[in-house]
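What follows is a pair of complexes built around subunit A, which joins subunit B in one and subunit C in the other.
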Partner chain A sequence: MPTNNDPVGNNPVGNNPVGNNPVGKKLCLSVKGLTKEFGFGRQKNVAVNKVDMDLYEGEVVSIVGESGSGKTTLSKMLLGLINSTEGDIYFQGKKRDISSYSKKQEYWKNIQAIFQDPFSSYNIFNKIDAVLLDCINMRGGRRLPQAKKVEMMTEACSFVNLKYEEMTNKYPFELSGGQMQRLMIARIFLLKPKILLADEPTSMIDACSRATILDMLMKLRDETGMTLIFITHDIGLAYYVSDQVFIMEHGKFVESGSPDDVILHPREPYTKRLINDVPKIYEEWDLTTV
Partner chain B sequence: MKHTLQQIFRSPNFVIGFAIFMALILFVFIYPLVVPDAPLAIIAQGTFFPPGTYVSVYDSLGSTQYTLNLQNASAARIGSKVSDTDKAAIKDYLVLVGVPEGQIDLTDTQKLLEQWKTNYDPNKNISGVTNAKRNQFIRLNTSLQNANSDQGIVLASQDPTSGALTQTGTVKLTDYVDINQIASAKVLPLGTDNFGRDVLTELVSATKVSLQIGFVAGLIATLIGLTLGLLAGYIGGMLDDIIMFITNLFTVIPSFVLLILISFSIGQDQRGAVTIAVVIGFTSWVWTARAVRSQVISLRNRDHVNLSKLSGHSIVHIILSDILPYIASYVVMAFILQISSGILAEAGLSILGLGPRTTDVPTLGLMMNWAMIYQAHILGKWWAYFPILLDIALITFSLNLMNTGLDQVFNPALRD
Partner chain C sequence: MGKVILEVNELTTKYITRFGEDVYAVDHVSLKVEEGKSLGIAGESGCGKSTLALSLMGYYFPPLHYTSGEIIIDGHNITGMKPDDVRKSILGTEIAYIPQAAMNALNPTQKVINIIEDVVQAHDPSKKKKDIYDLARAGFEKLGLPADVLQRYPVELSGGMKQRTVIAISVILGPKVLIADEPSSALDVTSQKMVIKMLRNLMDNGMIKAMIFITHELPLLYNVTTDIMVMYAGQIVEKGAAKETVFDPLHPYAKGLMGSIIVPEAGLRGVKLTAIPGVPPNLKKPPSGCRFAERCKYVHPECKASSVGVTTVGDNRTYRCILSEKELREVYKNAN
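Presenting the complex of A and B:
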């Protein structure tokens, strides 16, 4: 069990140094000293270095860092897709056990992901119906009548402003990037996981679709009460959507806390640089810091 | 799928390869319907009969005879009876008896024979001519006298008791028969082999068997390679280490040596075509396994595979529906190459005498082996080995062309 080492004292069980999470919310995911090393000897590369974090139910958390800072490796460890070298992950108060594939399958019922590139997220040989049916089957709906399944798929599609009738019998590559990412959210709508990890979900789609996707994700969070983890290099996005922000540099969290604290009053030079790197329309962009 | 097929059939390489291969397959299946002879039936007494139409002499005497007065018939007849060796011997003799070399024209057979007739004297003693040489000239003279005959042949039948001959008919030089009216004739487009078997019938059957061997060997090799490659690549860890250890072991031992040792240890009696195919399959999976493994490793961390895992699919489901379809084109290409190398491996084994046992079915390798043992290449009996070489070359060439065509479609870097 994670210990309470919150210096501010308003965190019931976690170790959040800032402690901006509301009292009474239950701890959903807790990470202790999570480390991932690739290679060994001179070739050793520490991608994630002793990372600690606490995530609460219904919270929106952003992990911000530049390319190669270890965000995606961390997210894969959180998802249980790769094993950590050291450290533990606690899920709903219990140490996560993914020692066998069947235990992983159980864990994946609670945590889901949306990946950065919608074009490579789908199996190009499977039709859209198969993608959505997998979700219904995973939630135990394998024996539901076909009509009920269609109703559920229609509902999920309409949640993301897609028409099921237009989607059925189509392959994912026949859709646009924005539509594919919306379909990914429809998948989450059907799965209703406890945690959703969105790994740069808007970085490969246009700005208009981006707002829609974010809006849908927030709406889904409001409806299901799931914890939403944004992995992003876009500090502006992190500021607008997050309850907690973690700034990651070279595999370590250099700064964390509420967006107001971290982004409006940054302490670390790395955070300042990240903020400075955001292009501003009415100001001259200082490229020397890049 | 439809689009991919269209693309495949637009690739000129594939289309040419496919056309050659299908022509071979069609020929292999249609020919036995037209000529239903047993492929290993010995029909000829003697070895290496040259390609041609063989008509029954007896039947040709019995069939309707026509008289044709053809101008160049006698010249052609004499020409066909006097070989180049005979002409050289005639020239030798004429030079020895003092005919100037400039007057001897080897191309004019008629004149050469006249010169021989006037100059040849069996009793003449020429210095420097051995007895053997003299005897050769005597034999030559006898055969040339027959060749130069302008008489017909008298046909006679023999009384079984008294042995007396009774003339039953004559065959004049101008007598002809229509080949279509002769009751018994056999076309041997590729002649006969050393055992007196029709080479073409044998070749068709051998092509079929060799293709079957290639297919079975390719199927086994591809299945083993694919299964091991998929498991090693996707599951990884200890299993990968073990599989790769075995694969590397097979890589460093030359597969052909392994093939020879296994074939030899099986023994002649046990070696059927299928056994050989299985042995070839079990020794040639290595490169498929390595290539599939490396492809799977690059695929296993793709987002769609991760998403499939997150959707709760089992490992078998992920391998079969999220990995296999992505490498299917590669596997098909590997399979085609395995068929071609299976056929070549069988030919290689058989030529060393380690192919299928010789009593059952012919294979391309066995035919090469027979041609080699009976020195067809030294005796210049090209029909016993060249069509087989051409057949093997056509099969492998067409399969490789198809493979290149598929590669052009599936590998975007090679598209025009």
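Presenting the complex of A and C:
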């Protein structure tokens, strides 16, 4: 498995396997030998097993794997929500330090996540204005004049095709699933993180809304240069949006590279099976293999 | 033309909310499903797919109410039947219904076989446990499920196995029609494929005569059903053979939807996805004209003036747009 062995990563060229990788750009997040074990002894379960990853600024990557392969566990470690058993994470060339609460807060300004179930990610007692206001405050905008804050919130809402006037004074649960998903992107618009991690962001929504959401996320990436990590079962999505794809099986990356290599010309049997199992429309979908 | 198993004519149903507001979730829907055919229902979240499924079984309970239209199952007009009678004489035996997220609703404290006993005895209390076991075992075997699943608790089964178990249970009473609402959406690709294979088996070996399959995953529908209809804001906007609907859609909304399909197949990375701007109308006060007009790239002033009827093309294809087939093709050609 080729990876870049230079954790400080000023020069991604060379042994980097990725085709349309933004050559010469800066390494954003680098992961070395990251491992997570749950349980002990005979109960021991290695959910993530010595994973290496180099992500560049502005890059879109997907982590694909079947249920239980360790995707969510990996993303929780990247987010700093759980500790790793082994291995290191480097952010912008420096070893990540989240040993204190304030350091964690600092890190979370740089990395944000959106989850599969948009309803689970809001505090049900907070109105939508408060949700958005929080984002402004988190970016150090607490002292800004009220009018400026409203202007920013209005801009964020219109970025995702929501009307700010219709959002004020509502609770998140008064929104439809699609509106909720877009509100999450409005938050990201205000937070402007360096990295956005999206765990199955589109699996609950229909193809048409998925296209809208992808459009918005890509526009946001273009504007802010953030790195986007998709965690997904959706190989079509991974193929369509990514610069790099990582295929995860039992906690390990078994194959990675550009989507054209990995998804159109897979080498590993596991990757072949996953791709084979996705419904096709231009080719015959072979049902005899399950 | 094969025998019609399910026929729905101009069915209109609504929810009445706690605040007394009407939500027009199914509006003048007509469809026919013939023996050996399967109908896919696609459309974005909230367009009324699940409501249509409940409505066409004639199974109404508040807040869902019947307004008008007709439902005929295998020659029997069941319009106006009381919910209790529907439960007794339709559900499970005429039509089996697998609701969205059903697999997570299995009683966790019952073994699979006990769940099946309840299902069968609710229909025929005199049926002996031994006979039910034999019936269940035979059904499971026919569908390629290991018989020892019968002795397991739902929590002991993987997601995919749970869903296939739900499907096997739902057809235990030999229904003519199976309605499956998003049966594989929460599963990974391999489990999803097993579910799909099972649904196809049910049709192929005649365990059911017709099927309605609801999902927003168009590539799935394309691989499972013979026909596809696209719903938008409570109405059918396009209906026809699966291949036509996917590769040659007529209605502008269907066109947009098909343009948003992504599959991991060569060449797709170069294609621009079409995101349809805007959001569907509020079903509490749907527009009186075309419901899609607000978001339609090709809108004409007349579109918003009065309601748009259904146009039939060939013998099996309908769409709901004021433009003729020829005009639509012209419009699409010029758009590229």
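What we mean here is this: the second predicted complex is superposed on the first by the 261 of 290 C-alpha atoms of A that agree within 3 Å, B and C clash if a C-alpha of one lies under 4 Å from a C-alpha of the other, contacts with A are read in each partner's own complex, and residues count from 1 in each chain.
In this text, a residue touches a chain if its C-beta (ideal position, glycine included) is under 8 Å from a C-beta of that chain, and two chains touch if they have at least 3 such contacts.
Note that the structure is predicted; figures quoted are calculated from it, not measured.
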| item | value |
| --- | --- |
| Partner chain(s) touched by A:87 [first = subunit B, second = subunit C, both, neither] | neither |
| First, second, both or neither for A:141, with subunit B first and subunit C second | neither |
| Which superposed partner A:66 touches (first subunit B, second subunit C, both, neither) | second |
| First, second, both or neither for A:101, with subunit B first and subunit C second | first |
| Which partner reaches more residues of subunit A (counting touched residues only), subunit B or subunit C | C |
| Subunit A-touching residues of subunit B, taken from the complex the two chains share | 302-304, 306-315, 321-322, 325-326 |
| Residue numbers on subunit C that touch subunit A, as the complex places them | 42-46, 158-159, 185-194, 196-197, 200, 216-220, 222-223, 246, 256-257, 259-266, 268-269, 273-279 |
| Partner subunit B, residues of subunit A touching it in the complex | 76, 79, 81, 101, 104-105, 108-109, 111-113, 115-117, 120-126, 131, 134-135, 137-138 |
| Interfacial residue positions of subunit A with respect to subunit C in the complex | 66-67, 161, 176-179, 203-212, 214-215, 233-240, 259-260, 263-264, 273-275, 277-283, 285, 287, 289-290 |
